[in-house]
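Consider the two complexes below, in which chain A is the common component and chain B and chain C are the respective partners.
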Partner chain A sequence: MIDFSSPRHRSKFGYLLLAPAVLLMALIIIYPILLSVDISMKDVRIARIGKAEPWTLKNYAWLFGSEEFWNAIWVTAKMVLMVGGTALVIGLATAILVNQRFKGRSLARLFVALPWAVPEVVATVIWAWMLDSSFGVINWALLKSGIISEGIQFASNATASFYSVCFVMIWKGYPLVSIMLLAGLQSIPQEQYQAAEVDGAGVWQRFFYITIPNLMPVIGVTMVITTLWVFRDFAIIHVLTQGGPIGATTTLSILTFEQSFSFFRMGQGAAVGVVTMIICAVISRALVSRFANSVH
Partner chain B sequence: MKRFTKTLAVTALSLSTALTAMPAAAETLTFVSWMKGEPGYGDWWNEVIAKFEAEHEGVNVEMTKVARAEYADTMFTMFAGGNPPDIVHLAAFEYQPFADEGWMEPLDAYIARDGKDLAGWAGQGTCEWEGQTACIMLLYTAYVMAYNEKLLAEAGITEPPSDWASYLAAAQAATKDTDGDGTIDQYGVGVASTGGANMMHDILHYVLDAGGAWTVDGKPAFDSPGVIEGLERFKTLYAEGLTPRDLGAGDMRQLMKEGRLAIRLDGPWIWNIVQGAEPEILADLKLAPSPFDPPVGGTSNVIGMPSDISDERKELVWDFIQTATSQEMQQRFATLGSSPAPMPGLDYAAEAASNPYFTLFAESNERAAAAGVDRLPKGLEIEFNEVTKLLFREAQRMLIEDLSAEEAAKNIQDAVLKIAG
Partner chain C sequence: MATIEFNQIQKSYGGVQAIRDFNLTVDDGDFCVFVGPSGCGKSTALKMLAGLEPTSGGEIAIGGRDVTDLGPGKRDIAMVFQNYALYPHMSVRSNIGFGLKMHGLPKAEIDRKVAEVADILELSDYLDRKPRALSGGQRQRVALGRAIVREPSAFLMDEPLSNLDAKLRVQTRAEIVKLQKRLGVTTIYVTHDQVEALTMATKIVVMRKGVIQQIGSPETLFDTPANLFVAGFIGSPGMNFFRGPVEKEGDVAFTRFAGARIKLAVPAGQLPFDNAIFGIRPEHIRIGGEGAEIGLTLVESLGTEKILHFQTPEGQEFNDADTAADHDDERDASSMLARVIDDVRYADGQAIRVHLPEDKIHVFNPDTHTALRAASGQVNT
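Take a look at the complex of A and B:
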């Protein structure tokens, strides 16, 4: 019998207690990743677990030589910058707004958070109806108000499609940014503002030298979450444009789905997924390091 | 305490006796279909299930609906996960990858054992995969033209279109802004433009009429003159705003029901679908032969069984297939589905008497079949989903970048050759 109370074996007891959780995590997280890597190394249309297939780099050769893949990288990068940047600006603005004391603040906070609370597919279907090129209310309102003279083809105009997808993603994503930044704002010691005011600092100086530096860790985490969300989001794009027109909204997640479940080239789909995962890991690591360093 | 123990013992005994006396648990066959709840075909499936269950005591068929848009993905996931439905219902253009994976049980042994006669069975040739019978065809049909007589009359069109020129003229005349708000709210024709098989079939009308075909002798022919002409016609309708943009086939049918679409080329199912229109609109909805020659037609959907189930279940599934393809149920198919059944030699006198368009459906089928038309491009069965996606992408590129039909056709051909090898 091992005496776990002895100093020599105490750490073993800790490992023993951790073991079930670690095993469970391995099963839930690591196994699917390994499975994806395994499928991506096989020249298969339909992946079947347990079926032995020789490994090959054919899918990766296809990937790096494929116009669709580089287009998806470009579209994803544009979308991350557009959605992440705009959601951060709107999220910060609304967080600062609802952090002020005014009548009806609770209601304002509720409205800011509302898009986040609506299920993604439900919200997207509603937006798809509103953005319908022929019968949508948005085109109708724009035409009625005289802003446009001809209906915008949201699903068959590459630029309009891209921005309509970005708009819905920002609408859906900014509340999370706002909520997180609001929590960050509330944790900034008021003494810092009071001291700055005594020293004659103006509103913008207080914003740039107190608010932003104090918010940096929260902004870092929020940007990581938003970036990963844009990378992996599928429902909004699939419902609105299905990646079209002519690939204008085909992100890496859409390409993964398309290869795996529309064309049933699961080897190629898994290769896109594995590369996406690596890109996400690198970006997350870089963002976390960058913002963590800025705190110190 | 003694009394409590006694009560408990009696209860346990009663319960065990009751459970023993119950019949063995009913066997359930799973069946996934996009047709559940559809007027016509959905009703037919309900009758097939009821007849099968009546003939097989203790066996239930559990039918589940999966939307058409997600159907192939769902079925692939079920098969790949080792949990296929017992009764396999697939579109005729999508069963091939399943058969290619060895997931479909060849039916030849069952057909031979029971002496099932499939001679003359419409479209059955499409069910042959690598020399074996992978399925049984449930529908071979041709497209007809649904039109709103009132909308055409108001546009000065007194006769339904009978060729491309009159079709285009009718579309131009019937496309209107009826309430004067500056927005077109009534369209001449409904051509699906959201991608997928329906869009490809809709463009095929113009391709076939122009003497083209997607493939010739199993080889891609997307840059042939007929396809170029077909794409040109599609571009004309779209560029002139004669069809609603970015809508699928289902949306077009809905517009037809609402009286906001003058012409829609569709399968005979359109007749059942428009029956849901308001009475005053329904009175104006008529059918006529497709103005294009030959009409689009072809195989529609198939029934089969998975190879991954027990022999006992396979026997039950075969019985179900036998029920669905029996003379009695094929006759009911024609009645409820308002279209000729694939079984040859049926008497359609009653259907023709009760359905004013039944003869039209039968004649359209004959026209399409005589021309050897099939919506499924031969030789590209496995790559069909990719081909539809490519065609959609390049058709969109043609419209967005204002490419010529020749350029679009070349782009499609190059892309198809790249994936088809």
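Take a look at the complex of A and C:
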């Protein structure tokens, strides 16, 4: 019997405790990743595990030569910037708002967090109804208030459908940003603001020299989470536009789905998935280290 | 450089009055210390002076200018915080130069002034470091640097030494005093430590429960405390208190301590009581002679200096919240201390005679707890 409390064997006990978690991770994360890398290098239409197929780079050759892929990259990039940027601005503004002391603050906090609590598909279906071109409440309101003279074709106009997807994503995504930044705001010591005030810093100077730098690590993590969320979000786009019209809202994850389950070209779908994964890994690594370095 | 005036300052939070009728004039170049137990309102008074807390009434003037309604940045003051409040994301250089930058000084001038201050505070080698890479003492100096670089008309310091270890605190204490003398800037310093107050201040303001108890020089507070609270708070070890009868013979009053009759400097006419509260500092108790006999309960030897503990004579104990000084409670209410410097060896349990010199005995009104003095005012010199 090994005495795990002895200094020589102490680390072994740690590994032993970690083992179940590591095995589980390997099973549900690493194995599927390896599997999709494997499928992406085989010329298959419907993948069958255990069936030996020769490895080929055909899927990647198709990928980098296809217009659809580059379009999906472009759409995804636009969406990441649009959704990430706007969610950050709205999230920061609402976080600062509900960080102030006022009557009904807890109620305001609840409302800020509400979109985040609604299940994604439920929320998207509601928005799909509201954004309906013929009898949706959004078009009705815009027409009634005289902002537009004829209904916006949210489903068939490429620009309108892109922005409506972005809008719903921002609506769904900003609460998380807000909650994270609120936690960040509350961790900034009050004395720093007081010191800056005594030093003669005005409201905006305090915001730019105290609030923003202190929030940088949180902003970094939040941006990584939001970026990855936009990359992998499927439900909102699928329910609202199915990636259309003519690929205007086809992101990488929609393309993966289309190739795999609409056209049943699983090899190509897996190739899109693998490339998406590499891009996500690079982006999160870059963002995390950059923002983490900025303060600590 | 400026005078500071508090005129009838009030502060209340909801229905609670935190500070009442705060009146104070600090002269140009003074080192004024606000001292008192925690919760006495000293930090609140400082924050109102800084403009970080609004006043509920009264006026504050700095250099003759009414600043009651001005923001902190417009009061021409600099502040050092208890936890330093350095900006963690900025280098030492930017931390020190931040105030100048906010006041729109050109970069070259900021750099010159920062270098000058860094030189005074011996921080030149650390200018490009972040605060987290500095020791506690260095951070403290950066916080000081941030204050002095602005050349303000007043320094406000909120317990700046409380995060330092004991040795560094004594050292920094002296440095701050030297720096203040050199710059000649009016300084308001808040502390709960009466030793800091006595060693640093030219003027001490003793506060308790939002009310000023006494204002004066360290010597005044030590020699002629205005009331029981100040008497117990100032000095270490604190003053001994005991109850005693008041006996009168014509114009002269006496009390008794452990049976021995002691003449009082306060004339009988000022003592219309049957008994009163008396105080004597441990260092003023004389050993030997014709005094009262007491038994030592504990002898603490610090080399040549000795602290002798003995029981307060039975029936003469005085226990009151007023004297429950929270700073150095080395004893309970029923014991007294004598501080002696001599070559005699004392042992626990030994019986000795103690003599209380009449001119060193403080007499307090048993009801109001205010100090009673001989009419000449020359009692305790």
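Everything below uses one rule, namely that the second predicted complex is superposed on the first by the 283 of 296 C-alpha atoms of A that agree within 3 Å, B and C clash if a C-alpha of one lies under 4 Å from a C-alpha of the other, contacts with A are read in each partner's own complex, and residues count from 1 in each chain.
The rule is simple: contacts are C-beta pairs under 8 Å (C-beta built on N, C-alpha and C of every residue); 3 or more make two chains touch, one makes a residue touch a chain.
In this text the structure is predicted, and so the values were computed from the model without any measurement.
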item	value
Partner chain in contact with A:201 - chain B first, chain C second, else both or neither	second
Touched partner set for A:191, first chain B, second chain C, both or neither	second
Chain B versus chain C as contact partner of A:74, first or second or both or neither	neither
Chain B versus chain C as contact partner of A:55, first or second or both or neither	neither
More chain A residues in contact [chain B versus chain C]	B
First (chain B), second (chain C), both or neither touched by A:155	first
Chain A-touching residues of chain C, taken from the complex the two chains share	50-52, 71-74, 77-79, 81-83, 85-90, 98-99, 102-103, 132, 146, 150
Interface residues, chain A side, partner chain B - complex	45-48, 132-135, 139-140, 143-144, 151, 153-158, 242, 244-247, 258, 261-264
Footprint of chain A on chain B - complex, ascending	73, 76-77, 80, 97, 101, 181-184, 193-195, 244-247, 383, 385-386, 389, 392-393, 396-397, 399-400
Touching residues (chain side chain A, partner chain C) in the complex	189, 191-192, 194-202, 205, 209-210, 213-214, 216, 294-296
